[in-house]
Each structure stands twice: as structure tokens, then as C-alpha cells.
Amino acid sequence: MISVSIIGITGYTALELLRLLVQHPQFVVKSVTARSAVGMRLDEIYPQLRAVAYNETTPAVNPALIVTEEPARTDLAFVCLPHAAAAESVVKLVEQGSKVVDLSADFRLRDVKTYEKWYNHTHPAPALLETAVYGLCERYRDKIQGATLVANPGCHVTTSLLALLPAVQAGIIEPDIIIDTKTGVSGAGRTPKLTSLYAEVSEDVQAYSLAGHRHLPEITQELEAAATASGHETATGLRVTFIPHLIPMTRGLLATCYANLKQEMTAIPTNEDVYDLYKRYYTNEPFVHVVNQPPHTKWTYGTNHCFVYPIVDVRTKRFIVISCLDNLVKGASGQAIQNANRLYGLPESTGLASIGVNP
Amino acid sequence: MISVSIIGITGYTALELLRLLVQHPQFVVKSVTARSAVGMRLDEIYPQLRAVAYNETTPAVNPALIVTEEPARTDLAFVCLPHAAAAESVVKLVEQGSKVVDLSADFRLRDVKTYEKWYNHTHPAPALLETAVYGLCERYRDKIQGATLVANPGCHVTTSLLALLPAVQAGIIEPDIIIDTKTGVSGAGRTPKLTSLYAEVSEDVQAYSLAGHRHLPEITQELEAAATASGHETATGLRVTFIPHLIPMTRGLLATCYANLKQEMTAIPTNEDVYDLYKRYYTNEPFVHVVNQPPHTKWTYGTNHCFVYPIVDVRTKRFIVISCLDNLVKGASGQAIQNANRLYGLPESTGLASIGVNP
Amino acid sequence: MISVSIIGITGYTALELLRLLVQHPQFVVKSVTARSAVGMRLDEIYPQLRAVAYNETTPAVNPALIVTEEPARTDLAFVCLPHAAAAESVVKLVEQGSKVVDLSADFRLRDVKTYEKWYNHTHPAPALLETAVYGLCERYRDKIQGATLVANPGCHVTTSLLALLPAVQAGIIEPDIIIDTKTGVSGAGRTPKLTSLYAEVSEDVQAYSLAGHRHLPEITQELEAAATASGHETATGLRVTFIPHLIPMTRGLLATCYANLKQEMTAIPTNEDVYDLYKRYYTNEPFVHVVNQPPHTKWTYGTNHCFVYPIVDVRTKRFIVISCLDNLVKGASGQAIQNANRLYGLPESTGLASIGVNP
Amino acid sequence: MISVSIIGITGYTALELLRLLVQHPQFVVKSVTARSAVGMRLDEIYPQLRAVAYNETTPAVNPALIVTEEPARTDLAFVCLPHAAAAESVVKLVEQGSKVVDLSADFRLRDVKTYEKWYNHTHPAPALLETAVYGLCERYRDKIQGATLVANPGCHVTTSLLALLPAVQAGIIEPDIIIDTKTGVSGAGRTPKLTSLYAEVSEDVQAYSLAGHRHLPEITQELEAAATASGHETATGLRVTFIPHLIPMTRGLLATCYANLKQEMTAIPTNEDVYDLYKRYYTNEPFVHVVNQPPHTKWTYGTNHCFVYPIVDVRTKRFIVISCLDNLVKGASGQAIQNANRLYGLPESTGLASIGVNP
């Protein structure tokens, strides 16, 4: 068994880790931390955990576990803190010899200056950036196995990359991309704020972060890396516009991505062509499913699955690809467990085999 | 024109007053206060007010009005503060000669000791209690006209009283009553808290305040007064159980009330009998509508209307009555305007004629 | 491995069976039927099934399974048809030697006349009523093991019985009970109708079936049986009022139950007394959890768990108990699998170990 | 007073007309039709109408009005039928001398062939196309006054046009436009279907009509007309991609529109530049409000208002404009009344002065 800590237990990504780990056969949660909840039992914070059948045969999550301020020494730690605080915690965990999956943004951007520009503070641990691996198994699974520190991608980024990587790597689109995402409110976290209130969110949709969302440089970094690796880089780099929208639901994220087909293409590809391209790209992926109809976020509810639907708008010679996932699972905690499975050489889907809670 | 202040402009009941007053032909908002928003324009707090057609012919609400700390002297003031703070404000407003409709609980309970027991603090202005009139026009409209201070009833109380008053006054039920309410989350206010978050409220229902909700003594006070006035009081008083439930919606409150039919009745009344009793009771009421099918809260969405549906469960000899309304309108701000209309001798429905926003 | 049929695959309870069975280690779905979908693949009806990792080690649900009109011969069948149609199907299945868990109402009422009165048609298979076992493991698990036909209880009934059985069997309440339930709309099924539309259900609550819901005789039957078995029966039988309410959510059912404490009790029990009584009653139950705070339906989202919260209202000498569950799981398909596990002597929680999807 | 018929009373746009007309001082509903509801009273179909204060001083909507199969002869008719059926009805109404506002698509497209291609049937009344005026007051108010037949625009079209017209007419963008809309489910109508069920829509978002939504040719027709009229037409015409998304809410429509700034521009405009451009364009418009923050659909809830927010993404030299409205009001019935007001020379906002129901 592999012992696990969860750092920052009072947020939604930590709660989702607990929910998923309850059914994990190899990871055992031994330590949970949160300054604001020291001394509380897990099931006082999350009473639904009273339903956990905790015993010797299913020891993953003990509802009676007490929250502490500092983590115990464990094999693996999931860090669920806000950026900056996360990096400080990661430094300590790495020093004491834990492997770490960090769910914050602190180790996602390879370039310190880009990080400091978008997050408005000095990077707390630039030295660790070198060793951090970007935790998208679909791109970097070879590097993840054996790594010490995995930077778990952002939810908008995961959705966008899984949508666009095959097209970018195949070089079929111009480097001018629009990503329009629609997301549920759980991504805004468990800390009370006016804009997350039921009475504000219900019957409402709005765009946000129009001056630039922090997930944008992460999207650009990974798409440019993919273009370069495939020999499709352009002199000017990518021009990505990314506009997220908050919609009245708790979980789910759908990205609608638009790009012009490469002008020098002699023939416009058909829907079948791009479907086949995507199918080949994601062959054998346990969590990415290419479909031939518009996907629903609800198909992914509570699961680590992502559905991708690529098409060609012949009339405008535009490539459109839609992808969706559960922002708390494949967009956060499920992907973190997938990465942790990979770290330890377990099948990536260990503890993650479920289908969407529908209706 | 009658000049109006709104004290405590940053909450949902104040916002609802603004929305309703936009269409009022007699009241003109001249002053709005809130410590946390001093210096802001109304339409900075509530950008939807930029759509107000403000001019000489429709002067009710000026979106450019600036929030101040202290109210200007106006003919009328609506107090939208939490209890205790409300009473302190009411004292000043009354002293400076304004008529006041207080939306808080401070002047609803006639007995100071009951108030102090349920609200856990000393009453800030017991002397004013004598002059305060309970603002349920359907019961006290004669006293309201000409009053100085009107205590606007609570939302659960309004719903329950409109459901039960006819039966209690007719003496057809035993003094043993169960009130089970279902309410939207706007009643919990605009202050951010965990239990009001979209991600917590959606797909959830829970009972709350099981140790005793503060609306209970108010319900009991008014039902006992009605019973006494009708000569149907019992030696032991009423035994009322009141359990509210929070459900995933923004507006709306539905009360399902249960009581045994009076044992000494010689014949069990029919559905038609109780329907007729209620129809007679509410003849000519502009806002209370007796119906012969289960009412929907959505029928009342955004309006000051209340629907009441009384029936007899012959099998169990039980009387059941269901009523519903919009907790922010007839349960708060709409009723406040109805009371203000009454204060000034205007038709009670002035500025309140609309039907539910459906679907 | 045990081969399984699902009869009537196009409804929500069938979909929920599929979702849960994906993770079941012993049951393998071999046959699915539906007249309206003959010839379709399972993942054409439910595209989210494309995410199922179907192979030799996890063979439970094959997304490529083709819907047929008649079921294949399997060890076990789950019948997800409307009443009457269900009984006709059950007769055939039993004749061909399958064990059956029937999710309809056809074999829940022991008395044919009661059935025919409430369902308005002649019972299609009265002979089978004798052999049918009522599928509430918490009451009848000894009978279920070894049975041929299990009548899976209704969702309102399961919630109400788990709330009231301990009090009724302990004889602490008068035989005069009010059950007020709040339920999500998935219970109304997957067949399109006006009252199930998003635009009608959102921001609305209403009571329904006020003339008598079909779950009432089922509740009464089981509570009276429990009272009789405990020696607490009364000469006049139980007087149960049951009013369900539809609220704007997809899953979840919460029952608030009210009864007077038995008049002859010398001392009013405390909250601790009734909590202890319930804790003892449900010792070792894998799915019923007694709690000391108001439970949330969301705690049960997607799971087979039920939370029960009993209290005493000292002021009115009333006993109140609140229980909640997911109407599609413990209220339908999860309970069906629990019953099937029991039928085959498997641990009841096989394939059902998960905690609520929250937030 | 102007007498009014509503043809096709059982749908949501007809219900919304009734709700809005209740407060209209000049229009009196004299006739309502629907084959499926002949003989019913209005308040049997819509029980919330029992709250209407119908009398001599407010005669607009009589809840006791009886549905007929054929309309009475009235001054004005609102046609709320599906396309094709609408045109047949319009022909008769025009022949009998009524002015008509048609809420269907039948008279929106000026080119019969385009209509027949997108709607897959022969146009039932091509002769009337000549006389029909496109009912967007912000563009065609001079033509509307005095017209006989007004074609009320589609909801996606209204939102998109109000967002894009100023930029297209000013010639600041390339003729390559992406429109990504997010809409509530009421636009799908009151007829029961699986995809409109609460249990399907809640917690879900999906793109739809990817092969081409019928509002696309309408958007293109009007944008090209505006470009041409402004001397900014291009040889190749506009390349518009339009992808609508269904999100879990009842009302509201938000369009996010993307276009590259015109390449030959010497200086990239600032946010202030485009804000000023839009402000000037919509000066004195009663229902279109240019704002400097991302607008919320909820601001428009139940109202005829539209908020527009134009910005420049300097990094990508892209113009982005977001607009939103209530699809049932400015996107349908409110705009129909605005058009009817215009037809009769009344102020356009007659009966339409209200602000959004918030929260």
C-alpha cells in the first residue's frame, strides 16, 4: 500500500480526491491538513463520509482521520492549496522525500517570468521547476513515470489541449485559435463569495477574465510545444484567444474551439477525415473518447472521461472541435490520481473506472 | 410624490424594492444607505439598473443615486437591516418624522421577552413596540392606514398565516398544527456563506432550524390572536411545529400545513366546503387567490401574489392547506410596498400589478 | 459469473442499473430489451457508455450489446417496466427459470384488492404474489436470500420506512403519522411530459397526488406489519397522511415525518434517547446511517446510502424523523442490486461501495 | 384601445405575450386560438392568470377568455405558430385586414430559395414576402411604422445583430465572424421532448445544430445588408460560423462574437474607442445598453433589455463583443410588442418598462 497525504483538505478538489480514493485499492490516506480545520474529524467537515465502509479490506479513507496543521511523512502527497502557498508546501514535501502531485498552478509554466507576470508574485521555488513534469498523461506519460513532482494541469487547459493537440500536431490548422469555454461553478472553489452564490449563478451566464485568464499562457505553452515537436511551428507563434463563461451548473466544462484550416491545404478534409485523425491519435487512451455527435458534459459527470468531437465547417473552411469533461475530475482530482497511478507504475485507470452519473 | 429612503441597500430585499419601485407612480427614491458601499452609484452595485428609463415622467429610481452612510430626511423609509441594527435605525427615522416600514423582525413580536428569548439580545427600542402595527394587510389593514411604524412580516409567517387564518378563525381545526415549508435560497441573503453557494445548494434539499426557527413565535402570536379574536381559543394554546426546508431555487416559498379537523364536528367538511370558506374569507383581496389545484411557487415568480389551496383528507380526517408566494415579494419587499401604499391611502396594488414570470 | 437481463432498457432506472453494474464483479449483462429501441446498440441510446472499459477482466456491461424485443434466458432479470406490463413480463421470466427483481409496483402489495383499487386494473398475476418477497433488506433479508421474485420497494416508501420503522417497532409514537416528502424529477421518468420540462420544474415547487399517492398503501402495509410484529398494533390501524412535493433537482428524496409521542409515555425521550434507539436498530447496516444533524440529499448523490435523523420536539411532544436517499439508487436501482446480491448470497454492498458525488 | 389576437396560445411565446400585455395600456386581447385547447379558459391553461386584476380600468387580458379554433377579427394579431403553419395563418389575417406581427421564421428571409433550402418546404406565401418588414426596430423602425406585416427576428439573430451591427457598419472588422451563443431551454418550446427534460438539461451543456442552425442565414442576410448599406461590403461576402449551446437555465441568451480587426487599420482601436463607437450607435435606444463590464443574462430576466459589451483583445488584434438578452422577451414576445407599439406609433417601450428580476 502507498501512503498518501492531502494538503489543504477543506476545498472541493480535496473533497473530490477523498471521494475517488475511497475506491482506490493501493492508496491509503494517512494525513490530511488544513489550518482552518485543525483537530476536526474528516466526517465532521464532510458528513457524507460517514457512509464510508472503512475497515481492513477497504482502508483507503478513514472518516475518523483528524486534520492536522502539518502533514505526516507519506509516500505521496496531493497538494490542494492556492498558488504560492502550494509551492511552499511542495518544497517541504519534496525535501522530506515524498512524491508530489501539485494541483495548483505553481509548477505548470516552465518559464518563471511568464509565471510571475500572470500570477503577480515572485515564484517561491524556481529551482523545482526544472524537475516538475507537466501532468497530462496523454502527452507526457513517459516522463511522469519516475518523476518526483507532477504539475497537474488546469481544467480549461486539459479540455482545450485534448481538443486541439491532434489538429496542432497534424498541422491542419492555422496558428490562430479561439477557445470559448463554458464551465460550472465548482471551479470557483468552496470559499464563499458573492459570485458563487446560488441566487447569483442560477439563470445566469456571463463571460469572465476577459483581460486574460491565467490558464491562457498554460494553453499557449503546451500547444506551442506540441506544434514545435511536430515541426509545425510558425515564426510568429500561436495567436490564442480564450474566453471562459460561467454557467449555472456545479460540474462540467465544455470547450468549443475554432481555427481556420491551413490555407495551403489542397483539399478540405471531411468530417470523416478529422474523426479518423482523432481516433488514431487517441487509440488506447482510457479516458479520451472521440465521438461523432456533440458531446454533453453530463456524460462525464463524476468521471475522469473526456469526450472530443472534431468537425469541419465546409462552408467557412473552419475546423471546429468540441471537448468536455468534469472539471473536478479529469480537470483536477481525477487527473491527479491518474498521474499518481502513473508515478507508481499502476494502470492509469486504477480507481477511476466509472461512467457518468446520468440523469 | 412621496419621497423614500431605503436603509441597507446592499441586500436582496433592498434590490427587490428598487426593482418594484421602478414602476411605482407615487414613491420616489431619494436616499439609499449602506456602510459598505458609501460613495457608490446604485448602478455600480446593481448594473441591471442601467436599463432604467429615468426621467421626469418616471422619476422613481435614479440609477445614478449615490449611497450614503446616513439617510436623508424623507417621507417614508424602508429599513432593510438585520434585526437589532434595524431597530436602532428605526428609532432615528421615527424621531426625524419619517413613516417607516421595517422589514426586519424587530417590531413583529409584541412581547419583549419573547423577542429577547428568540433573538438573544436586549430589545433596542421596546417603547416603539406599542406603536408598531403588524404589516399583514389581510388582517390589519385598518390599523396600518395612519400608522407610523409597520413591522413587515417574515416570509414563512406570511405564507403560513395566509394558509391558516381562515381555518383558525372558523374554528374547524384542532390547535395542533404542523407547518412544513420549502423555500428558495434568496431568503438566506446576499452575504456570501458556504451554505448559500450554488455548488452546495444545487441538487440538494435539507431541513434547517430544527431546534426552533425564529419565525415560529411570530406564527404562533398571530394564529393565537386570530383564534382568540374569533372566540376559538383553547386553554392550552396552540401547539405548532414548524420545519423549514431549503431547496434548490432562488425564489419561492411553499407551506404545507396539516391539522386534525376539530373532533367535535358532526360532519366532516368536503373539499368544496373548505374551498368556499376560503373563497369567502379572501373575497376582494388583490393578492390572495384561493385555487382548486395544487399551486406552484412559479406562478408567483416576481409578484406579490399568494395562492392558497385548502383540502380535506377524508381518510384521516385531516385538514391540509397549501400556500405559496415569492419570498422576496409578498414575503418581503412587495408586502412592504403594499403596506406603504396602505400607509398613504393608495390602492394596495399600486405598482404591484404583474403576473408571474413563467416559464 | 451470473448472467443478467434488463427488461425495459430505455428508462432511467435501467440506465442507473447499467451505470452501477459497470462496476459489479459478479453480474454480467447479457440481454437488454425495449420495444421502442430494438436493434440499437446500448451506446447509441446512452452515448456515455462509450467510456466503459469493456474487456475480459471487466465484462459487466458491453456497450455494443444490441437491444432485443424479448429477453434471452439469463440467471437473473431486472424488470424496469411500468406496472401491469411488468407483471406480464415477470410471469414469463419466472416460468423460464430466472430469478427476478421487479422494480415496478406489481408485487409490492400483498393484498390483490388493495392493488386493484390503487392501480385501477386487474392484477395480471395474483398467483405469484404469494411467492414474492418485499425487497427491503433491512426488514426482510432472510426471506430475500433464496427467493425467486423480489418486489423492489418504491422510492418514497423506502425513505419513509427507513425513517419510521425503528419508532413504530419500539412503540414510541401514536398511530397518526404525517409524511411530507420532497423529491427530484427523475422519479417521473424519461418519458417526455410537460410537467418534467426544465422550464417548468426550475424555480418551482408543488405538492402532487393530494388525492392519494400510490405509494401510500405500500407505506401503510409495511408500517402496520412492523407494528403488529412488535406487538404495538392498534385497534384502528395507522392513520397515515403522505404528501409528496416535486422540487427542482434531478435526484434525491427527503422525507420529513411527524408523529405525536405515545401519550402514555411517562417521560418524554430526549434527542439522545431516540438517536440511541435508531443507532441500535441500524447497527451493522451498510447503507443506513443515523446522524445527529439534518441530512442532505446531496450526501447520497449517486449512492445507495440513506441518512436518518430522529429528534424530539419537546415543546410539542412530537417525534420528528428526517431521512433521505437518492431516489434512483437506494430508491430504485441500487436497492435492486442490493436485493440481487442478497438473492445470490453475495455481500449486499457488492458493487455499491461509493460515497456521494459532492459538490 | 387596439384589439389583439394571439394565434397559437399554448406555447411559451404566447404565454409571454400574455404576461407582458397584462400591463399594456393600449392593447386588449380579444381572441386567442389553439387547436389543442379549444373551449378552455385562458386561466385553465395558465393558472397563474387567476391573479390578473381584470376590470374596466385594466382590461388588457381577461383570464376567462375562451380559446377558439379560428381568430376573431381584430386590429392586430400576434402569430405564435411554427413556421409554415404561421404563413398560412398570416395570409388569412392580412386578407381580413389585421396588422400582423409574426413570431415565426416565415417572413424573415427575403430570398425564397434561401428559405426553402433551410426550412425544407415550399414557402406558403411568397407574395407576402415583399410587404413584410424585418422587425428589428434598432435597424428598421422607419419601415415598421405603417407596415402591415412584421417578421419578428429570431432570438439568436437579435442578440448577434445588436452585438455586431455597429462594428460591421463602421467597417472595423474582417468579414470572418464567429458567433458562439449560450441559451436557456425555453427557446426549445413547451412541447415535451426528451432533450428539454429537467433531468437531461440540468448539470449539462452541449453544442447543437452544428450542421447549420436555421438562424444562420438570417444573421448573414442582415449583417450583409448592413455592410452593403455602409459601403463596407466585400467581394466574397461574410464568412459566419454560428454555434449555439444549450445550458441549464430557462431564460437568457448570451452571444460571444469574435472577429479579427480589419488588417488595413493603421492603429488598433482601444477598448474606449469601441465603447464610444457603440455608445454613439445606440444613443437613445430604450432597450440596448452598452456597458463596460461583462454583462449577465440575469440582468435581462423578464425584460426587453439587451446589454452589449465590445472590447479589443490587443494581444491577438481581435475584436470581441458580448451581448445578452432574455430570449422570450427581446428575443421573441417583448420585441413583438415593441414592433406592435411601433406599428401604431406608440412609444416603443409602452408596456415594456421593467428591470430584470434579480436575484
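Letters A, B, C and D mark the chains as written, and numbering starts fresh at 1 in each.
We take it that contacts are C-beta pairs under 8 Å (C-beta built on N, C-alpha and C of every residue); 3 or more make two chains touch, one makes a residue touch a chain.
For clarity, every value in this text was computed on a predicted model and none was experimentally measured.
Ranked by how far their CA centres sit from the centre of chain A, the chains are topped by B.
Counting C-beta pairs in contact across A-B and across A-D shows that the higher total falls to A-D. Work out the mean CA point of chain A and of chain D, and you get 39 Å between them.
Rounded to a whole number, the gap between the C-alpha centres of chain A and chain C is 36 angstrom. Spacing of chain A relative to chain B, judged by their CA centroids, is 46 angstrom. Residue positions 12, 184, 186, 190, 197, 199-200, 202-203, 248-251, 295-296, 298, 301, 359 of chain C each touch two or more of the other chains.
Interface of chain D with chain A (complex): residues 176, 178, 180, 182, 184, 197, 199-200, 202-208, 210, 212, 239-241, 243, 245, 247-252, 254, 256, 258, 294-298, 301, 311, 313, 315-318, 320, 322, 324, 359.
The part of chain C that touches chain D in the complex is made up of residues 12, 184-186, 190, 192-194, 196-203, 248-250.
Put simply, chain D touches chain B in their complex at residues 12, 15, 18-19, 22-23, 46-53, 58, 186, 190, 202-203, 250-251, 286-287, 289, 291, 293, 295-296, 298-303, 305, 307, 349, 353-359.
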